[in-house]
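What follows is a pair of complexes built around chain A, which joins chain B in one and chain C in the other.
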Partner chain A sequence: MKQLESQYTKILSDYMVNQTEKNLYIAQNFTRQLIQKSISPEDVVSIHKNAVEQIFPDQMSEAQPAYDFLIEVMVHYGMAHREHQSLLQKQAEYEMEMNIATNIQKTLLKTYVPQLQSIDIGKISVPIRKMNGDYVHFFHDGEDYLSVAVTDVVGKGVPAALCMSMVKYGLETLAYAYKDPSYVLEVINRVIEKGVDDSMFVSMFYGCLNVKQNIFSYASAGHEPALHYRAKVDQFFPVEAKGLLLGVLPETSYSFHEIVLEENDMIIMMTDGVTEFRAQNDLNSREVITALIKANRHLTAQQLCQLLYKEIEKVQNFKLSDDFTVVILKK
Partner chain B sequence: MDVTIHFKEINHKLFGFVEGEIDTFTASGLREELEAVKITEGLEIELDLSKVNYMDSTGLGIFVAFYKRALRENGKVKLVGLSNRLQRLFEITGLSDLMDIETDKKVELR
Partner chain C sequence: MTCKSSVEIITEWDIVAARQLGRNEAKALGFDTVDQARITTAISELARNIYLYASIGMIQIERVETITEKKIVVVASDQGPGIKDVRKVMEDGYSTSGGLGAGLPGVKRLMDSLDIHSVIGVGTTIRAEKSLR
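For the complex of A and B:
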């Protein structure tokens, strides 16, 4: 410290005599030494004060209290500054972990959209935050059967994502029973009910299309009703089924229903992020959605999904408030 | 926007008046308030949601959790004053068959 002080005094007195860039540059280099030796801001002020005292001893009596005051201020400033730095560092660490988790989730919950000749399938799922609380799962058996599960976990972000992995593996193990919507929901319900706390639950719409016979059987666990577009009459019909959310009660049964699909018919499944317009209370979201689909029914299922996302984002002034997922099956 | 809840006990019955918007950000405060409610055997609790102008699924989760706790501790929970929009939310999710809910009835404050 003594050595630093005499160095600083030398640099300062040189500068007082000759205010050149060179002398300033020497001072700049000196600050590196200060950093290396972790000299705190208040100590720098104290070094400066002692230097001034040596160079201008007669002026010091007046300025002394002001310097002491500055040293006190710098003590607190230094503490606040260090705290801020450590918070920034922590934040950077969290962000890095979050990115890793997001990537893991993306890999874990990747949806493979099957390609069938007689059915056109479209799917879009966009998370509102980094992690997605919506998930879509397909099963298919050649050109005979196609099943789809559209799920939404309550809440968003990390807790939702963790719960969703559980749902995914539940579905994965149910591959043997994928043609039976009621059974799938009943089993997944038991899995979730055991695994989560009271305020956590999942909604799921599960449908199975018998591709050869064009029969779509479905069941719903507290999920947003789907839509059936009937090309022949150019109208939409709600695809509703009563059923409790998954994870609320251990023993819940789910009834299934059937509808027949005809040429150019569509089934539109979605999550509440699609139908809920929080800021536009007066708009009927279902009317917006059906009008969009009707006007663009010539598009492919995938193009329709993307169009819905783009247009609804616009209606909501680019401020969607929930994860957004749409699946469209087109005959 | 925030959410608040005020309790009032009248004739051994607990009334809760919820006001505001319940979403992911405001939900934790409401959850804590409801968790702090001591449920004694046979206690009847009535939550008035007529001043709730928005609720998402996180909000739904809070009431489900409260309902399940009440069920375990032998209390009774009833939700009243639901707007059409809230009513629809409870219907779609199948919760209206499970929980005791009532639409749009004005509950007298005093």
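For the complex of A and C:
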């Protein structure tokens, strides 16, 4: 403190003599040093008071009470300042913790896209915040069956991510029944209804493809309808099924439906982050999606997913409003 | 050597009396102007808490002088409702909400140490110390 005081006295007395911009610039740099050493506002006033006392000893007796008064005022400012510092530090700690949690979530909810010879699979899932409230789960049995669950937790961020870990482990225990969409949804519904807060809801689209027979059976729990692209007629058909969101009522049943896939057909599953355009109201999101896929149907399923993301992000001025997930199965 | 004196806090003007007592004691111990201001502000905050939340209480100021150290000890005691969650009131931003800089964490930083002893329905005693360096 003594050293800072004599430095300050020197800078101030130089300024009193010359009063140039250079003096003020030196003062600015010195202030940086004071802040770095977390010198409080009341100490700065005290340093100033002592400096003035040294430079103008004869003028001090009158001004001293005024300086002491300012010190009193600045003590309270100093309190606010130090509280602010400590809150900033806390924020940095939270941020670090958040980054760790994000990495853990990424590891926990990592999805491996299976590689099948007769089906081309594409997947993209991009969170809007750090943590993803969407999740995709695959089951497959060699080249015979392939199941996909596309899930969306109502809500974003940390609560959604925590809930999703539960959905994932619920799904994993269902490996024995993965060919039965109704059963899977019914079990996951019970898991969520029992284990999660009442305000938490999850939507899920669950489909199972019998690869050999080309039959796609599916059920939905309040999820965004999927799309079926039929190559033969070059048209899209909605893949819909009625069903309550998961976690609302304990005993809910979900009916399943079947469609037949033919050569070059596609199933496009997505979350509502893909279809809810808020940027332009006059745009029909489904039309944008179908037009894009139609025009680029020669691409691989993965390339199509990436293209959809890129284009829809552009339509929304790079400000997506929800987690974005698309899964495409291409025959 | 220990020298104790105290001020009862009933009206808002008693806060002023507590401040005055604290400043006199701090000055007598040899604290500089800035530390005097800090100690006084801390006392003011503690007295104000009594006035606002407990309505009746006391600020006691001890001047401790031994061969090895000189320190001021401020004890604020009341028969108020007590503090439910002491850890919470010691968190920054809890009582101040908006960074007005008051609150117990602020008092702790103005002093060297702060201890809270509180029993629900019985009252609260807060002891804050600052040594002369």
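Rule of thumb we're sticking to: the second predicted complex is superposed on the first by the 272 of 331 C-alpha atoms of A that agree within 3 Å, B and C clash if a C-alpha of one lies under 4 Å from a C-alpha of the other, contacts with A are read in each partner's own complex, and residues count from 1 in each chain.
In the analysis below, a residue touches a chain if its C-beta (ideal position, glycine included) is under 8 Å from a C-beta of that chain, and two chains touch if they have at least 3 such contacts.
Every value quoted in this text rests on a predicted model; they were computed, and no experiment measured them.
Contacts of A:S46 after superposition on the shared chain: chain C is touched, whereas chain B is not. Once the two complexes are laid over each other on the shared chain, residue contacts for A:K242 go to chain B alone; chain C is not touched.
In the superposition on chain A, A:A221 makes contact with chain B only, while chain C stays out of contact range. In the superposition on chain A, A:V154 makes contact with chain B only, while chain C stays out of contact range.
Contacts of A:D180 after superposition on the shared chain: neither chain B nor chain C is touched.
Look at A:I71: by the touch rule set out above, it reaches chain C but stays clear of chain B. Across the complex, chain A is touched by residues 23-24, 31, 54, 56-58, 60-62, 64-65, 68-69, 92-95, 97-98 of chain B. On chain C, the positions that touch chain A within their shared complex are 32-34, 37-38, 40-41, 92-93, 96, 99-103, 105-106, 109-110. Put simply, chain A touches chain B in their complex at residues 152, 154-156, 197-201, 203, 221-225, 242-245, 248-249, 272, 276, 278, 321-322. Within the complex, the chain A residues that touch chain C are 42-43, 45-46, 49, 68, 71-72, 75-84, 86-87, 90.
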